[in-house]
Structures are given as structure tokens and as C-alpha cells.
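Below: the structure, in C-alpha cells.
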Amino acid sequence: MIVNMSDSATEQQIDHIIQRIREAGFQPHVTRGTERTIVAAVGSNGRRHEIEALSVAPGVDTVVAIAQPFKLVSRQARPDSSVVDVGGIKIGGPEVVVIAGPCSVESREQLFETARGIKRAGATMLRGGAYKPRTSPYEFQGLGMEALKILREARDLTGLPVVTEVMSTEDVDLICEYADMLQVGARNMQNFALLRRLATINKPILLKRGPSATVKEWLLAAEYLLSGGNHQVVLCERGIKTFETGTRNTMDLAAVALAKELSHLPVIADPSHGTGKPSLIGMVSRAAIAVGADGLIIEVHRCPERALSDGAQSLDIPQFARVMHSLGDPLRPVLAVGERPTQA
Amino acid sequence: MIVNMSDSATEQQIDHIIQRIREAGFQPHVTRGTERTIVAAVGSNGRRHEIEALSVAPGVDTVVAIAQPFKLVSRQARPDSSVVDVGGIKIGGPEVVVIAGPCSVESREQLFETARGIKRAGATMLRGGAYKPRTSPYEFQGLGMEALKILREARDLTGLPVVTEVMSTEDVDLICEYADMLQVGARNMQNFALLRRLATINKPILLKRGPSATVKEWLLAAEYLLSGGNHQVVLCERGIKTFETGTRNTMDLAAVALAKELSHLPVIADPSHGTGKPSLIGMVSRAAIAVGADGLIIEVHRCPERALSDGAQSLDIPQFARVMHSLGDPLRPVLAVGERPTQA
Amino acid sequence: MIVNMSDSATEQQIDHIIQRIREAGFQPHVTRGTERTIVAAVGSNGRRHEIEALSVAPGVDTVVAIAQPFKLVSRQARPDSSVVDVGGIKIGGPEVVVIAGPCSVESREQLFETARGIKRAGATMLRGGAYKPRTSPYEFQGLGMEALKILREARDLTGLPVVTEVMSTEDVDLICEYADMLQVGARNMQNFALLRRLATINKPILLKRGPSATVKEWLLAAEYLLSGGNHQVVLCERGIKTFETGTRNTMDLAAVALAKELSHLPVIADPSHGTGKPSLIGMVSRAAIAVGADGLIIEVHRCPERALSDGAQSLDIPQFARVMHSLGDPLRPVLAVGERPTQA
Amino acid sequence: MIVNMSDSATEQQIDHIIQRIREAGFQPHVTRGTERTIVAAVGSNGRRHEIEALSVAPGVDTVVAIAQPFKLVSRQARPDSSVVDVGGIKIGGPEVVVIAGPCSVESREQLFETARGIKRAGATMLRGGAYKPRTSPYEFQGLGMEALKILREARDLTGLPVVTEVMSTEDVDLICEYADMLQVGARNMQNFALLRRLATINKPILLKRGPSATVKEWLLAAEYLLSGGNHQVVLCERGIKTFETGTRNTMDLAAVALAKELSHLPVIADPSHGTGKPSLIGMVSRAAIAVGADGLIIEVHRCPERALSDGAQSLDIPQFARVMHSLGDPLRPVLAVGERPTQA
């Protein structure tokens, strides 16, 4: 880290910073310019927050962090890409994984019909909400336990592994009994109590990016899981909040490539929430694969206009089949030579 | 709600929409233009999501919501401004409330010194973190239970009611024993499991606005609390995420006025997180009061450069005293006649 | 347009709105609900702004626009996709066009070497700045007239048509003599004096999206060109400003698909400005093509670390050749059946 | 500036950077850490862009700028606050200046009635658009020359100095004949051709912040004016583009305080564009003054619902009078001791 002294900093103030850097477990290294002095805090075992707080010390202009703050999730820690196994489906391997299903589980018939439909179209995992995070308390909140049981039946019926969202530490054990993968929703990406709990279980986690989270914050949320012991983590880009209102969110596809450059974790994309518009889902799905995504998660309902949640962004089964068809075969395009040197 | 048909919609498609609006519990009302037809869904007892999902029905261009989705928090539901009592301190009344204290409780000495200092300077409530939401798992996570006990002692010592953050449903009961008010942090604003739990307790809640939450989403989060039975809710604007990097967040002061126009709940402002810069906190505090905020929450540490968290945005005690002095007396300026007609 | 009356609107206020809608050239159509009344302004020849201003009339809650405000650029006006011919290169046709070259023309040797290199790698148009919009007045502002001459020579040498930015109405005539296509930079997207002038010339225009422009505002900027007489317009997505700092801008690839759905104009993508990171340009280029972009514009410099501008985001010639190789052949993937129903 | 080498940088790569820093006119200063090496470029006369471009040199991880890039606008260059005189009205002095008037000049009667009304209410300058930047080409574009003449008459009638927007270099001379101050609109903040032209005239400039401009970019736009010779510059915050749709823009009031901390130039605020909601203008005006703004610019129309532009955000004359009354007397509150140490 770099402590940038102000033009008017005194020798005494510089000495104070040097001493504080030593106290924080770093080596100080001073560079005196014609106008200003900078003091670098060198080393990898110091306490970063103590240097950050020096920004308010007398004579200090700014403090700049140089190194990335994450460790276990980084490519430097593990140059080879991770592969996460979910009930036999490998996310992060040579094949693009497509997860599909309704926003919410609404009934046995609804889920079974959808599960069969998406399987026929080529999806290899099933999604479905049991506990739903809804902006308004007056919206459908999910069938809970009943939905979990239906999901399990759908898995047994179709063989498709199941992912469903967990909203609370209290539901973790129960959901683990029924689902193959637990999803942390975008609005819970920095629910640290939940992350700490999920770090202790032996189930893969699908970690959605928060709508206002930088890639760095997203990777630090994943770091909570890995540093707590759970290395089975898949990241999911689902759009960020911007001024653009023509789409529900702004799909940040470059972030997929950036996350894969910085981290070894698999990254999938959610064009349903990312765009909120059925007419764009096919094109954005293809773009996500082209940019390097390891998979897709797409909302499909047997009759979107009658869905209890997210109907406006869901595909019906024939539309989903057409999107799958448009993705071509093989799903994974040849990677550019030399483009991502840090990747295996 | 308005269903806007596309130019090429057929009579059959329009009839389908009319029927679906009836099924959803609304009265359909058709307006035929020269180029396009719109169908209004009239009534207050229908199921909104069923109309929203019609955006994917054949022949429909867009669906537009007209009425606001929140009920209990709205000024229409309660024209008089709410006053929330926290240990005898009234938030939302004629006096501006100033809450101050360290980001984290670090030790008995640290908190006592700070609590005495802020009380001397005029603060009327104490803040201090026991459970800390930190972006990185390697940062200080708070003293937990020990901090709660220290907070309680500080309250007994100074008489200042205490607010502290709750991060998990599992901690709710414990924190209720020690604190006068529970804070929901910005990153948990849409942690609906937590909101539902807090709706059932008899303690005031300080609900921070999420960094990417619209005012509407913020009020809907509050609606979870009120509709679940807890009407003791204070809103807190703490800055939103934007492209501007000169400040930590962008303080949305117009949102304070807007929230008070739309809702009867008290609204306070957090210039510490809103700006991240000690040099701006005084000016922004004054602006917050001028725009109608019912209070302020400010981070104060006896020695910011040694703080275990948020040191870079904390004031020391003399700086805080100067800010308090600059706010003047009386704190609440005369309101403009006619400016906020919906308010009592 | 819809005028949504407030709950407390009187009959007199509703009558006033009805009369004002007639004065504005629309037919009023009243829908009375149980709680509130809405008045639709029906017709296609009225004056929209007069209805928009009614939002401040007594008894009015909000005014909502239903129809899109653009005309000539819309797919409804012209269902077939436009093809723009630039010196024999067709943008918007079956082939993806790749425009490459340095941010700024720095010297004859620099441009010639780059032009030959990008042509060898497969680019079909040359870019190069003569007049540079720079954030700081102390940065390199371009060689001006001299650069235009060098660009012309490079075109004669390689046969590659040339695009260069125009920053001022005063330079339009001069640049028209030398360039095959004129670029309107992102920061000038709403420089309406410039747009009005460019509407009168017989040269193709490359219209970059402004960093804070919605797709709707971007299309309205293009509408200035078409309504003024110049139909040779190519749109260019180059990233928008968001809170994410890991990339220079946030590449909004869904906006490429959305713009093509709403408009018949060709759309290309600029991954150099969109990401600001050479390591991401290849992946994002492929994603842009997959999402339906009609072309790419990429910054290439013979020695990026010595470039006078934008060196940090430029590829060198071998890197560019690798990106081109990775895009594959044929460049244009098969479109999904049924995905973009409005397109020819 | 700091060049941060990657972990795997070789000695040869470090030597290359050292040499390039010397070539760019800086002194290199190397700090070797346990894991990585950083090289500082020391000095104030080097060429910054050459260091920035080193981010793509082999072995380099990132390049970080330490010093601010602006010079003449900075408080370091001129610790005392500037005062700009506009026809005898001093902006930046002890009194808050209120500029008011219609978005567009529509007729002699409209402007005269408004001018008299705002003067009676206490405004000291008149605004009115002659050339209007409109998002759509189908909206009212202003009366041009005729409006300029009416503005001049209004000034003669009322004695209020006049500010009006200039959109093109071609109009500069004409507008200078009629107006006391020229406004650069938000969408032209980085129209560098216009800025360079305005740098050469002897008239005060009102420079609005662009909707996606950081405070740093805004100050660099002002630097174009000062470095070109025109020091009579007033900055105007008018809201930035964010995800919030409850207000037209997000008023960034902390940016007013930040701009005044970083620069000696006066800063005013535009709550009309900043909020887009008449009901919020009074509260936000008061907040702007409290945060340190040197003035306000407010849209006022004799009959907002009949305005040809921006009617939805304009106050009528009695509403404006109430806002003025609510601002109190004296307008300028006492500044906090010690809050803005860099200011005179």
C-alpha cells in the first residue's frame, strides 16, 4: 500500500507514518519527490486496515491500495480453473451448463411439465424457487417446504440436479436435504451471516453478483465461502443497476471475462434477470458463452403470462427450445490463443 | 395498471387481455386510439403481478403500473408524520436527533471515552457495531456479545440510548436484550428473512437504504416491517453507488425529501458513509438538516487513524464537536410554507 | 399518453385536463376507477410536450408516455435493416466489419505501419484521430489537418476506407474532403449543433453512444441526423458509466441487441473503450458479434506503451491479429430462429 | 505516479520501466517488496500520459496516478475563493445569488412577466433559453436570435443580468452581444471545441456538470477555460445520472462541497434539473445553500403547464416566491469553524 503525503507534510508527520507502518507489520519505504513524498508499506503479512486508516493522519493526502485484497479465490492462488460438480454435472469444464426452470415452484404439475420441457430442449440442471426474495411483502413469497419436496421429486423424475435459493441461515439444513446446489441471491451477496453459514456445508453454492457490487466485492464475498472451508463455489453475473431503463438491469458481460481472469472459479450468466426482456435472452445467452461463461441460468415457465413471479421475463418452453437450438453445437467455442494467458 | 397493446394487436388478443384482467380481480376499461389500444385494469383489490405478467401475452407492447405499490408506509395511509421513541429520544419530532459513536466497539475504554465525548458535544444517542458486515473476511468482524455488554454499560454510564446493527435472525433476541434500537445495514436492506423476523419484535428499527435501492424499493423494505406488525421504523439515507469516485458513495439528499413526501416515517442521514470524507461531513450534515432530515448518524472515534474499521471516514471528538457547533441552534430550521403540502 | 389523476382530483380538475388534451391535438378518453381517474390522450398528431407539462396541473399525479418518441430510426418505420456503404464496405450486411487503427494519428510512419498491419490481420476499415477530445487540456490534442492528410495517404496506400472524429461544426467541410466516414464521439452524442450540421452532408456518420445516454436518447440523437436528411448512420456502443471500476466503462452488450430490435440502423461495438483492458478485448469482441453487432472498432497501435493517447487500452499488431483469428470464420454466426421477430 | 510491477516481473522488465520513466521526464524511484516491486515516477514536469501507457508494458500490473491532474482551477494554485462578476452581481462572495427564469424564452410577454415576478421575489439574475438542447428533434428548439433580443430587453427593463446557453462555436459572438453570462449545458461539458472558443472571450461562463462527469472531469473541463485565458468561470451542479427514477437526476450535493474544497471557483446548484420535481425544489435549494453553494439557478414559468419546455419541473411565480421566502435571511449561513481548512 502507498501512503501519499500532502505537499505541506512535515518531517515529523512523515516520521509518524513510517512508525505506524512498522507497527502495522509492514516495512516502510520512503520516496521523496520534488513536491511530495510517498511512503510505501511493503510486505504481505501486515494489517491493511491500519494503513487504510492513515488517510486521516496529519500530513496525509491519500492512501492507495496496490495489491488485490482476495486470496483463495484468485488465479494467483490457483492458476488452474476450478470445476464444481453438482450431482454429476461439471460446471467449469469443457461443456457449457444450462440451468433452466421457473422463477418459483408453483405446483407439482407446473414444475414437472417445465422440467420435462427444459430437459428435452437440452438443459442439464433445474432451477426453481421455494423461498422467494420479493421486493414487496404483498407479492408471492414461495411455497417453502412444499416446493422443496416437489423439486426433489422433479429431480428424481428427470435426473436433473436441482438448484434453489436459500435466504436465511435457518433454512440451510432443510434445503441441504433437498437440493443439489444452494443459490445466494443477488440481494444477499453481502449477507455475511449467511455466507459464513454456507462456508461450513458440503454443498456447491451459486453466488449471484449483487446489483451494485463491483467484481472485487463479488470475489470477496466468494472469499468468505472459501476461507470458511467451502471451495465449491460458482459465480453468477445477473446484471447491475445503472441508469438504463430499457432493460431491467445492465448485463455486465465483460465482468464475466474479468472475473475469470482474476479468479479460478467458474462463472455463469443469467440473461433473464440481466435483461428482463424475453426477446433479448437468446442473443445475450450467445454473447455470454462467447465471452467465456461456463454456463447459463434461464427462467422458463410453461405459461409465462400466468406465472406467480417474474412472468414478464420468462420464456415459455418452445421459446427456450429455440434459444437452445441457437446456441449451436459444440456449445463452447474455441478460445483465442493468447487472450487469457493466466487461464489453464 | 395500464396494458398497452401493440399496433398490430388483433381483436382476439385484446379480448384475451380483457378476460385476464377480469380474472385478476380488476375491471377492464378499453381505450381505442387511432394507432393503438390501451386497456386499463381498474380497482384496488386485484392481483397486480397477474397484470404485470401480461407483458408477455400476445399483442401486448408494455404494461405500466400507475399506483404506488406500498400501503402502510405511505403518507396517504397516514398523513401525520410518525414519531419513533427510542429510549425517550423522539425521532421525527421537532428536534433533530444526532446519533454518534464508533463504527465498531473495540474496547470498554474506547467506547466510554467516545460516548462521553459525543454526549458533551450534544449527541443524544450512541452508535457502535458489535457484529460488523465487512466486505472482506480478513477484516475485523466485531467483538459480538462482548461489544453488546460494553454498549449497555456505556448507555448506563451516559444515559444515551444505543443503536447497533443486527446481521442475522439468529442474533435478534440477544441484541434486543442490550440495545434500544436495531439497525438493518445497507447491504441487508433486502434481507427479507431478517426483515420478517424484525417485524415481530417490539423494538425500533433503523433501516438503511441499500446502495442500489430506489426510494420505492426502500419504502417496500419498510413495508415488510410495518405489514408484519412493527411500526417503529426510522429510515436512513447513507449514499448510493454511482460512477463518482471522489466520494465513497453519492449522498442522495433529495431522496430524504422524497421519502418524507411519500411516507410518514422519519428519515435520518448518514454523512459518514455517504461521503467517506471527514472534510465533507460538516457541510453535508447541515445540508441534510436543511433538506428535512429528522436526524444524523455520524461515525466518531477517539483516534480515527487507529480505528479497527472505517477510520478513514471517522471524525475525532474535537472535529465532531465543531460539526455540532456548526449545526446551530435551533437545529430544525423553519419549514417553507406550501413546500410539502402532503405533510402535516 | 396517460394522465393519471390523483385520488383527490375534483371533477373540475378532470374537465380542465380533458380540455387541455383537446387543445394539444389529442382525443381525451376518460377511465374512472374506484379510487382514481385516468385520462388517455389518444392520437398520433398531437403535441406531446403539452401533455408532459400537465404533470404540474392541479389534480394530476403523473403523466406517462406510452409510445416511443422516435420515428425515422424505428423498425416500425422501416422493418428491413439498413446497410450503410462506406467506400465500398457495407456495414449492416451479412459480414461483420472490423475497423481498427490508432487512437490518434501520430506520424506518417506510425499510421502506415499500423494500417498495413491491421489490413494483413483482416480489418476492412481504418480509424485514426486527427482532432482528439481529451479530458485534460494538457493532453495531446491531435495533429489536426496534418493527420487528415496522413489518413488520406494511408487509405490510398491500403485501400481501407477511413473514419475519423469530428468535434466541431467548423471542421465538417474539411474532414469531409479527407475521410470516408465521420465519427461523433461519445461526449458529443448530444451536441445538437453538430448533429444538425452533419444531417446536411452526404457522408456516413458513426454515432457513438454517450456514456450516460439511454438507448432511447441514443436513438433520438440518430433521429436528428435522419430527420435532417442524412440516413447513412451507424450506431456504436462503447460502454456506459457505472460504479464498476474494474473496467474503464461497462460494455452494455444487451443494448446492441435492444438497439437493433428498436431500430433498423446498423450497430457496431467498441470493446477498446468499453473495457479499457487489452486482456478483455478479444472475449468481448466475440460476445459483441454473438449478440448481433454488425461490426467492431478496435484501437491498435504499433507500440501501445509509446502511444500519445489511449495506449493503456490499445492492442499491438500481433495481439490484434490473434483477436481477429479468434473471431473465426464465418464471422457472422447463424441467427436464432424466432429470436428477433421484428427484424427482416 | 506509481508503476506497480506484477509478481512475476523480471529484472529486465523493471529496468525497462526505469528507463521509460526517465525518458518521460520523471525520476524513477524503486521500492522492492517481498512479493512485488513498485517504481515511482517522481517530479512535476514529466509527461504523465507516457507513464499511463506503461500499464501495457511487459511485467506491469497497474499504473496509479497520485497527484490531481488539474492546475489553474485548484485551491493549491489559488487558496482564496474566486469571485466572478456578472453585470455587477458577484458570484462567490458573501451573498448567495439566485438566478431564475423560464427554460425557454417563448415570447416578450412571457419573459417580461416572469422577469418582473422573479425580481419581486428576490432573484438577482435572469435565465432564459434562446438555443435549446433538446433530446428529440421534434421538440421546441428555441426562438434563437429573437429570444436574445427579448432577453436584452428584459435585462434593460429589470436591471437583472442575463445568462443564456450557447450550444455552438458559431453562436458565440452573437450571444456575447446580448448576454451577460454564457452557459455551457450539461451535455456540452466536454464539447472541447466549444470550451476552447469560450476560453478566448471576455464574458463569464456558467459551466454545468455533465450527467456522467466525475468532479475531476468537471474541473478539467473548467481547466480548458482557465488555461485558454478565461478565468471568469462558475461551476453548476445539476444532478447526475443514476439508477434512481424517483427524481429526474440525482442531485450530488456533496459534490458542491467537494468542488469547493478542490477548487477556488464558485459553485452554484440547479435543483430544477437536479430533481425534476417542483415539490422538492424548495428543500433542495435550502440544502444546496447549507452545503456551501454560492448560488441557485431555478426554472420559473408564469404558467408551467403551458411551457414549451421543462414545464413539468418549473415553478410558477407564487411557488418561487415561497421558495425564496423559505431560504431565509441572511441567505448565507455561518460557516463551520475548521470544516474547510483549505478555504479562505
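So that you can tell them apart, the chains are marked A, B, C and D in the order they are listed, and the count of residues begins at 1 in each.
Criterion: a residue touches a chain if its C-beta (ideal position, glycine included) is under 8 Å from a C-beta of that chain, and two chains touch if they have at least 3 such contacts.
Keep in mind that this is a model prediction, so the values were computed, not measured.
Peer 1: Looking at chain pairs A-D and A-C, which one is connected by more C-beta pairs in contact?
Peer 2: Result: the pair with more contacts is A-C.
Peer 1: Match interface A-B to one of B-C, B-D or C-D, accepting only the pair for which over half of the contact pairs are the same residue numbers.
Peer 2: Matching more than half of the contact pairs of A-B: C-D.
Peer 1: Any idea how many Å lie between the Cα centroids of chain C and chain D?
Peer 2: 26
Peer 1: If you average the Cα atoms of chain A and of chain D to get two centres, how far apart are those centres in Å?
Peer 2: Roughly 38 Å, centre to centre.
Peer 1: If you average the CA atoms of chain A and of chain C, how many Å lie between those two points?
Peer 2: 30
Peer 1: Return the residues of chain A touching two or more other chains; collapse runs of consecutive numbers into ranges.
Peer 2: Within chain A, the residues that touch at least two other chains are 212, 240-243, 245.
Peer 1: In the complex of these two chains, what residues of chain A are touching chain C?
Peer 2: Against chain C, the touching part of chain A is residues 212, 214-216, 240, 242-247, 250-255, 257-258, 261, 271, 274-275, 277, 279-280, 282-284, 286-292, 319, 322-323, 325-326, 328, 333-341.
Peer 1: Under the definition above, what is the set of chain C residues touching chain B in their complex?
Peer 2: It comes out as residues 2, 4, 7, 27, 29, 31-36, 38, 40, 42-44, 61-62, 64, 66-67, 76, 241-243, 245.
Peer 1: Contact residues on chain D for chain C in the complex?
Peer 2: 20, 48-50, 52-57, 63, 69-71, 131, 133-140, 167-171, 187-194, 210-212, 217, 220, 223-224, 227-228, 240-241, 278, 304-309, 311-312, 314
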